[in-house]
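Two complexes come next, and they have one chain in common, subunit A, joined by subunit B in the first and subunit C in the second.
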Partner chain A sequence: MRSGHFKERYQQLVAVSDNRAAWGWSGLLVVALLLLPLVAGTYPTQLATRVLVLAIGAVGLNLLTGTAGLISIGQAGFMAVGGYTNAILLTEAGWPVEVTLPLSGLAAAVISLVVGIPSLRLKGLYLAITTLAFAFIINHMILYADDITQGNRGIFLPKSTFLGVGLTKGPGLYYLCLALTVVMVLLALNILRSRVGRAWMALRDHDIAAKVMGVNLTVYKLYAFMVSSFYVGLSGALLSLEVRFINVDVYGLLLSIEALAMIILGGLGSVRGALLGAAFLTLLPESIRLVFDAFGSGAQQLFSNYVFQIRELLYGVVIVLVLRFEPGGLNGIWRNTKKYWSNWPLSYG
Partner chain B sequence: MEFFLILVATGLVTGATYAMVAMGFAMIYKATGVVNFAQGELMMLTAYVAYSLAGSLHLSFFPLMALTIPLAMLIGLTLERLFIRPMLGEPVFAIVMVTIGLAVILRGATVLIWGTNEDLFDAGFSNDVVSIGPVPFYEVQLYTLAMLAVLVALAWGFFRYTRVGIAMRATANHQTAALLMGISTKRIYALAWALSSAIASVAGVLIASMFTIKPDLWFQGLRSFPAVILGGLDSVLGAAVGGLTIGVIENLSEGYIGQGLKEIAGFVVIVLVLMVRPYGLFGSKTIERV
Partner chain C sequence: MFGRMLLAGATALALSGGAALAGDPGVSDTEIKIGDINILSGPAKFVGDGVVLGSKIAAAEINANGGINGRKIVIITEDDGYVPSRSVQALQKLISQDEIFALNGTSGSSNILAMLPIIEEEGLPTVVTTAPNSKVYSENGAPPTVFSIGPGYVTPFYAQVKYIHEHLEPANAKYGLIIQDDDFGDSIEQGYDKAVKEFGLNDAIRIRYKKGQSDFSAEVLNLREAGVNVLVSGAIFGGQASIFKEARKLDLDLQAATVWVGDMPISVKLFGPAGYPYLVADYVVAFTDPAAQAFVENAKKYVGDEALASDRYTYVTYVGLKTLAEAMRRCGQELTRACTVEQLDKMENFDAGGLMAPITFDERNKLAGTAVKIYQFDPTNSGFKTLTEFTDY
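On to the complex of A and B.
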């Protein structure tokens, strides 16, 4: 009788997943997501698009903060770089989305070196605050460079197409985001099982030990910044395509906090966790709205008056509760449940 | 020259507010090793409590503070008990994230209780202008500078002469050794939160009466980060120096270099300072042993 899931060979340890069922279910999930716009209406599709956009950013942040242990509160800044690069290239240069999207990611990755290089000597909270400072500075630069970024007035994005599919109406943007999410998730999973991913984990767990083992801290920290910022920049660019009008408020500081909340809630250092966290926190306000609707018109009124506050409040409560009771996050819950059932009836602990 | 003096003087006033908030940050960091991201929100909450008191009782500044500070300490103790104490023994990163969560909760709760409207905060200051040399001051600005001096003196005396203050320094220095000497670190943590909250309330009332009271007062907490970092996270008195410095630098860069630079000058300064000294100007360098 099977008494657990044992990894007996090295290949099994480094495989993306050595479990056939996991591949099958993931494929099924993608198929279900492909069918979503056909089954559900416009609004659920929009929500799903937002989830995917933020999920890409969360996966990126999780590589930096969860895997490499470099805490960043600068998410909003990197997203702004991506979003503005995308918007400016689309409107001013008139380049197609196929080109501007990767360039937005690259722009964020290059800018991240500006933060990364001065931060090499910093650790923990000092680093966190430097990234926060960076987000402030970016925000200000966008307002300051009025000629390029339209400052306070913001930028309207033109109608655009991706490989002939319109992104403005219908589920075009949703499919683009879905495809990019799948690609970026596979990329992240593969980075994590390569030398780079293992080096990041080593420098998170103990940087001096990692150095002794031959991990070049400078190089791998900068890799972490660049790869993560590529994801985040791409997420910012997709956000600009989704909202279609951007100004500095779109990339407010709350995005940084939300992204951190997503990866903590989902589970630090795990791609699945980032995805779960992004989905959970983006859909949380919707589910709260449904609950308030169920309580009748008085509750509905209260909710619509204070929608942001109630949302914020619950955000905070969820973060605190997760940290207190389930430090592994949603991913931890998932893993425990899986372990319980796969070992049943001999499960323990 | 007069322009310069006015810039420096108003910079010192702004800096004094940063300094007070920064002292609150440093107080908690020194004792517990946690950056309290909810410090700005704590300031906002206590300022709103004082606002409600002032609105119903019409007190002048000192009686108002005499009522507010104990309440603020109570709030600090409660928050510590509810949010931070259960996390004792968890990694620092997790506790810092709890304070971020706490910040979000306090922000939402404040708006739910007091609404989003902006209002004047009347703490009994007159609108007369007092001139010192060529520089005109409002009464509240002079009070701010004076209160900072008082707080700095109190903090210095507290850490230097009182038994509790020394116990707090001991805890910051070496937690296990402090425990072995019979110091209850739990109480020290609670005390740090209470004191930090008290400082926050002074800062909150002064800032709110200098400008207005509104739900984005918490932002002042983030604006004060450069001051804490410049002073070094674990130095309460350094935080005061850092605050004044940042305030003056911000004003001078706004006045002489360019419009809007005020918003980011402090952050640019700390990025530069941290490049040279990764532990801030007055922070203690930790030596890592393997």
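On to the complex of A and C.
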């Protein structure tokens, strides 16, 4: 009878997962997601696409804020860099999506050094405000670099394909986002078990102690900014492909706040948490809608008029409740539930 | 035997499927579904509230009078919180889940732009009544199924400056412009520029401010420094109230041209105390106009006292849905999206009940209701004096 999951070898500690069942269930989840467009309607697939787009960004932000402890409210700015790079390369240079997507991530990564280098001596709220200022600066630059970004007028993206598959109609974009999410999640999990990932955790937990142990704070903070921004830039580029029109309003400050809410609610420092947070907050309004639908037309009317007030209210309420009762977020709830059933009937804690 | 039944079943299924495919979505024997995507949360919620009320009044009135060739209008509203990516998500939901026939509410300027690619693919008849944007007019490459009501901001500001220059200009007039640093401000500047060049005005200063700014003391000091006595202002609500308040503190004698929301009750409450007799140019009537009051009285029959909350956004959305409904009515029982667009293209002088100029579209011109009326605020009774009737500039 199991009384716990014990890691007895160093390899188990650094493995992406030492649990075969976890690999099996993850594989099953990917298969289910592959089948989603075939069994669900168009709208659920479109919703799932949005979840995947935001999940990539949330995983990126989680690496920076959750793992490395560097608080950022500049998510919207980095997403805008990715989105505009993608749009400009597609429309002006006529390059294919296969090339523009990685370049969008790279552009955001390079631009992140502009924030990263001056912010090396900052942490906590001071760093948060600096990244917020960065988002404003990016917004300002987009508006004034009219010749490149088309300023206020915004950019319409052309119909695109990826490896010959259309991204405009049908599930093409969904499958692209799914594939990229799987790749980026595996990449994040691997980074976390490497020296880089451990260094990030060390500088999050105690930067002076990390320095004493030989972690080069400058280098690893910049790594954190660049890697995180690559994810976020990629997410911004995918959002531009999904919306097919971009201007500064598409990358509003609300995106930064939502991204932070996703990783806090999901569970700081956990890739699974970022994925759960992105899915939960994106699907929350739809879940509320389903509940209201169950109560008939009167409730539906009320819901139509107050959907976002209710959603915003729920945002706050859910985050407060999670932080009060489960500081580990959705990931903490997942972990505790799993532990309970794995160890049943000898569950504890 | 089983094989024959299977064949018969398959044939029936194919025929019913074929029949369903032949018609456009959103139309049944008893109803027509119209989508409405709007701002129902956040600081700009007041716009969405007015729009939703306009759709509600128009639908209630149409349905009470027998609907459209016997079909009732059903409005399905979605909130986008003024966020373009959410507008797209809402439109995807309205199309794939609710299967709307047409769209009447399109949120803000960036929001309708973000929705355009999908509207084009679906061939969705769309009437844009708020935030008209030059990129949305068909002549600029927008889908031929999109029809806009109301001018952009260029015309109202050109009209106001022209009126001031011709009738109200103070001695040694010095003009000053204050605008937001976005596309909204750019449009206002275009109208101002046009007037400055045409009339050779003394353009003393141009000031841009960040969206969301609430304190304008520095800007007003700059206006005084430049000797401005004619202010062309692109600020709205709290921003404009702050400008007038600061100007009054400095005892500036100003003739002012403002954005069309200046004729809403909330603006009167905010701007009124400063006592400036500001101008407003609008493509719909002010709430004090007899046509607006007649509209409210009529609307009470359908929505009760809720009609009292009507504002300029209510009037224009009401006209938008009535225009769309008229096009659908002309299609008769065989209602399709293509037919609706064709009938909208043929719409000529459709009576807007005095709420705005009559609506006329054609295949090349998908923009109507561009004539503006100029009002002047009267601080003594918090009402508006009509300076010009609806005029095209």
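Some points to look at:
Everything that follows uses one rule, which is that the second predicted complex is superposed on the first by the 348 of 349 C-alpha atoms of A that agree within 3 Å, B and C clash if a C-alpha of one lies under 4 Å from a C-alpha of the other, contacts with A are read in each partner's own complex, and residues count from 1 in each chain.
Convention: contacts are C-beta pairs under 8 Å (C-beta built on N, C-alpha and C of every residue); 3 or more make two chains touch, one makes a residue touch a chain.
Note that the structure is predicted; figures quoted are calculated from it, not measured.
When both complexes are overlaid on subunit A, subunit B and subunit C end up clashing with each other. After overlaying the two complexes on the shared chain, residue contacts for A:247 are found with subunit C alone; subunit B is out of touch.
Contacts of A:309 after superposition on the shared chain: both subunit B and subunit C are touched. For subunit A, the partner touching the most residues, choosing from subunit B and subunit C, is B.
In the overlay built on the shared chain, the residue A:50 is in contact with subunit C alone; subunit B does not reach it. After overlaying the two complexes on the shared chain, residue contacts for A:122 are found with subunit B alone; subunit C is out of touch.
In the superposition on chain A, contact of A:320 is made with subunit B only, not with subunit C.
Of the two partner chains placed around the shared chain by superposition, neither subunit B nor subunit C is touched by A:288. Contacts of A:137 after superposition: subunit B is touched, whereas subunit C is not reached. Shared-chain residue A:103: touches no atom of subunit B or subunit C. Shared-chain residue A:208: touches subunit B; no touch with subunit C. In the three-chain superposition model, subunit A touches both subunit B and subunit C at residues 143, 306, 308-309, 311-312. Residues 35, 83, 86-87, 90, 92-94, 96-98, 100-109, 111-112, 222, 225-226, 229, 233, 260, 263-264, 267-268, 270-271, 274-275, 278-280, 288, 290 of subunit B are the ones touching subunit A in the complex. Contacts from subunit A toward subunit B in the complex involve residues 71, 118-119, 121-126, 128-130, 132-134, 136-137, 140, 143-144, 208-209, 253, 257, 260-261, 264, 306, 308-313, 315-320, 323-324, 327.
Subunit A makes touch with subunit C in their complex at residues 41-43, 46-47, 50, 143, 151-154, 156, 168-169, 239, 242-245, 247-250, 252, 254, 304-309, 311-312.
Taken together, the subunit C residues at the contact with subunit A in this complex read 40-42, 52, 76-79, 81-85, 88-89, 92-93, 96-97, 108, 110-111, 113-114, 116-118, 121, 135, 181-183, 186.
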